[in-house]
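So, here come the structures, one by one.
Two complexes, one shared chain (chain A), two partners (chain B, chain C).
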Partner chain A sequence: MKLDTSGFETSMPTIGFGSSNDMLDGFSTVPSFDLPRTTDFDGFQKEAVQMVKPARGTTTLAFIFKEGVMVAADSRASMGGYISSQSVKKIIEINPYMLGTMAGGAADCQFWHRNLGIKCRLHELANKRRISVSGASKLLANMLYSYRGMGLSVGTMIAGWDETGPGLYYVDNEGGRLKGDRFSVGSGSPYAYGVLDSGYKFDMSVEEASELARRSIYHATFRDGASGGVASVYHVGPNGWKKLSGDDVGELHYHYYPVPPAIAEQVMEEAAAE
Partner chain B sequence: MTKQHANWSPYDNNGGTCVAIAGSDYCVIAADTRMSTGYSILSRDYSKIHNCKADKAVLSSSGFQADVKALQKVLKSRHLVYQHQHNKQMSCPAMAQLLSNTLYFKRFFPYYAFNVLGGLDEEGKGCVFTYDAVGSYEKVGYSAQGSGSTLIMPFLDNQLKSPSPLLLPAQDAITPLSEPEAVDLVKTVFASATERDIYTGDKLEIMILKADGIRTEVMELRKTLSECWQHTLSIVLIRISTLGSLCYLELCLKFSCVVNRFSFSYL
Partner chain C sequence: MSIFEYNGSAVVAMVGKNCFAIASDRRLGVQLQTIATDFQRISKIHDRVFIALSGLATDVQTLYQRLVFRHKLYQLREERDMKPETFASLVSAILYEKRFGPYLCQPVIAGLGEDEKPFICTMDSIGAKELAKDFVVSGTASESLYGACEAMYKPDMEAEELFETISQALLSSVDRDCLSGWGGHVYVVTPTEIKERILKGRMD
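Entry: the complex of A and B
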């Protein structure tokens, strides 16, 4: 029986010169990137990143509870101080039963999640069964480890449901990979953790859990300038993921903290008296 | 020994602004034609729009035009390979993904190009894809990129505010504007951006994509900070010079020519 060693092929990135035109080959090996021929790679990357200002900044969270995994994220992308988009999809659908969240560099997350989706599909076709969440997160972590130190910015969570039940892993651009029940990633994560940790119970229903997730994202967008837009909430159950809600955080604010009508009436009276 | 800092940069910013708006059965892509470097104008008639010839997909890019040129060539060749392999032209969403991958393949030495891709999707509805420099992309109803984008986007948000595609229950992001209204909006937006952005001006090139074909319109934009002043000044100078000698007239004409070449002039 030939073992599937495609995961092991990612140990070393091939350096730019002499690379074959792998754009036509597909994604079975490490994509080889053009590297600038400079003596100071780090300094060059710092300058290049500052100049192109790739889109980043975010709040994402995920937690495991009795009914599965709840995943939520905001949708703002900022380029320096400019909000480049309020409608970025930060919850990436890797396949019908696995989700990945995006935090850090938008292009990095989009590209590597897509790459992971391809690898997961290849695994399914080669092994005639779905890849586990543990396996998928390991593939991603190994891939990112080989680009360690080159300035990628990826802070992602892989959430899914496999044969062992619900699974949640945090993977980052240093190649770190952590298994856990509760994670929040991004510039707004401290705020989200505050709300999430204080409201978390393992025995929650899907509605309670989704409300907790939504509130956590809302509070993070309230206090963090780099987070905002639409708070999306997804649930991953035994039959795959389902999007539960997508609410504009501005509207959520007035939903949670409605303006008391008494004050408005007072203002109207004062205005009429003048 | 102190670390020597590089005094040559492989990048330069040639300025310019690109805008695209998607409609129910059309897509409008527009860009100005000014190419600058620092405070100088290199060209007043440089097109930033590239027709990918991919079944109605048009790419407009601002930033460093050398990188843009290289990017256009790479896209063209990859599209050609696709055509040979699949015996058909790429659809606009496919071209969008291709552009994203092409940009990301230079993740460690990015193309300094800020792109907007516009076209019609398989159903004939307009679609606009907006990119950052390393390939993160998103399908939107409208977008502006380039030096004037921070001036234009808030105005487009105000006029075309389309509900976010992430909202549930889902709402359609396509703008309800008709095609002539969208073209008018684009002209207005560029006229305003030209007033406040030194890198935007000269001419506006608009491409309108519809199911039956592509139409191009060109509109003149402001060439200097105040053209009417320049005109007045040249008249005044000529009047003065009729009292003096011919060489004085020559000097005045030369002055107005020099003024012509500066994007930022004190007139």
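Entry: the complex of A and C
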């Protein structure tokens, strides 16, 4: 490719101009641009910039222990790199003894959880007894399966207490439904799993479990850019759910890792007197 | 997310009365994951010229090393420090040399020139200089920074007030950006001293 470099030619060769190798610092004879050695000149930079689309920006977790189910989540909503809100309610109260968590599209999660709440109430009225956690999660999973492939984004956990005791199910927009003891969903979930899995014991008190949940969310907000805001912790017991705490993670950081008071030293330098 | 948002950054410089302040965030990330919270983005070229680079972290480090090298050569030849305006032109030329395979970073340059007059400018990744009399911003949080600086800036602030203003502008802007923050780093430079301070910010 022959470019027109007539605009650069001068009578005296300038030091270092156009030379890619600063180290030589010699007199370059023909000023020119470095051109990348590639056959696809227009496309090569675009290829270098292809990035993977990030996963659902949030951190939610839930686990079953001796005293019931602990559910926790952060409160950040992000649109790409922009933080659109630091105060989103990601734990949705389906009814007084069942909770759902929100990960993925906010509108999708809010609508389908409310819809699930309606279906649960109708079941109660029709059958004169509360619906089980297993039944409720099945209703949601079947609904989402029928919309498979249409672009819904829902990664939710249904946590509750029914006749068989505590129940926890993971349901997603593909129609998948998993029963389990510990789940974490969202872009911050790997970090939350690390703390949750290493600190988990079935025989925990409510305080220990809530501290574990809070700590897991805090560590996820520290490492994950798309999680942050307030760490909310809920407990589901035999009498229904109860919100235990909602701590701002900015303050939690300095609570867990306080900054030692600094000695009053200041960097003072004389500016060059010229 | 574009390549400029791969590591995440926020940089701002402000002009005061015979002084300037330059501030950056401290996060180094790989897309959404935070790797480090003590990444150095602001570098001293000499006592009266500072450069802060936002954008891809590897280019930030390499470009800084190249600029230090060129300035040292200048000092040996001319037996004096570079003026901030001259340094800005040098950076612009070095960036344009790589026009068809650019350094993926956007510098913010701040310095004290003749008669203690503060000088600030910013550039895009291929060297287009943008001089300003009040403040310049760069990085993933640049839109929030523009808004915060516009609201908080007053001309002819003294060093202490300038420090407060730039710190508040930086912290409030990075709190609206997923990819920058995790602390702040501020230099306030007057003709007699350089004050470096670390800001305590939200770590989420």
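Rule of thumb we're sticking to: the second predicted complex is superposed on the first by the 205 of 274 C-alpha atoms of A that agree within 3 Å, B and C clash if a C-alpha of one lies under 4 Å from a C-alpha of the other, contacts with A are read in each partner's own complex, and residues count from 1 in each chain.
The rule we apply is simple: a contact is a pair of C-beta atoms (placed from the backbone, for glycine too) under 8 Å apart; a residue touches a chain by one contact, two chains touch by 3 or more.
Fair warning: this is a prediction, and the values are worked out from it, not measured in the lab.
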item: First, second, both or neither for A:S153, with chain B first and chain C second; value: neither
item: Contacts of A:S134 with chain B and chain C, given as first, second, both or neither; value: neither
item: First, second, both or neither for A:K243, with chain B first and chain C second; value: first
item: Chain B versus chain C as contact partner of A:N95, first or second or both or neither; value: neither
item: Which of chain B and chain C A:F222 touches, first, second, both or neither; value: second
item: Which of chain B and chain C A:S187 touches, first, second, both or neither; value: second
item: Partner chain in contact with A:F111 - chain B first, chain C second, else both or neither; value: first
item: Which of chain B and chain C A:S75 touches, first, second, both or neither; value: first
item: Shared chain A contacts, counted only where both chain B and chain C touch the same residue; value: 33-36, 45, 48, 51-52, 54, 82, 86, 229
item: Chain A contact footprint on chain B (complex, rising order); value: 3, 6, 9-11, 78, 81, 100-101, 103-110, 112, 130, 132-138, 140, 150, 164-168
item: Touching residues on chain C, where the partner in the complex is chain A; value: 1-3, 5-6, 8, 29, 31-34, 46-48, 66, 69-70, 73, 80-81, 93, 97-101, 112, 140, 175-179, 189-196, 200-204
item: Parts of chain A lying in touch with chain B, wherever the complex brings them together; value: 23-24, 31, 33-36, 38, 40, 43-45, 47-48, 51-55, 75, 77, 79, 82, 84-89, 105-111, 150-152, 229-230, 232, 243-248
item: Contact footprint of chain C on chain A as seen in their complex; value: 17-18, 20, 22, 25, 33-36, 41, 45, 48-49, 51-52, 54, 57, 74, 76, 78, 80-83, 86, 187, 221-229, 249-250, 253-254, 259, 266-272, 274
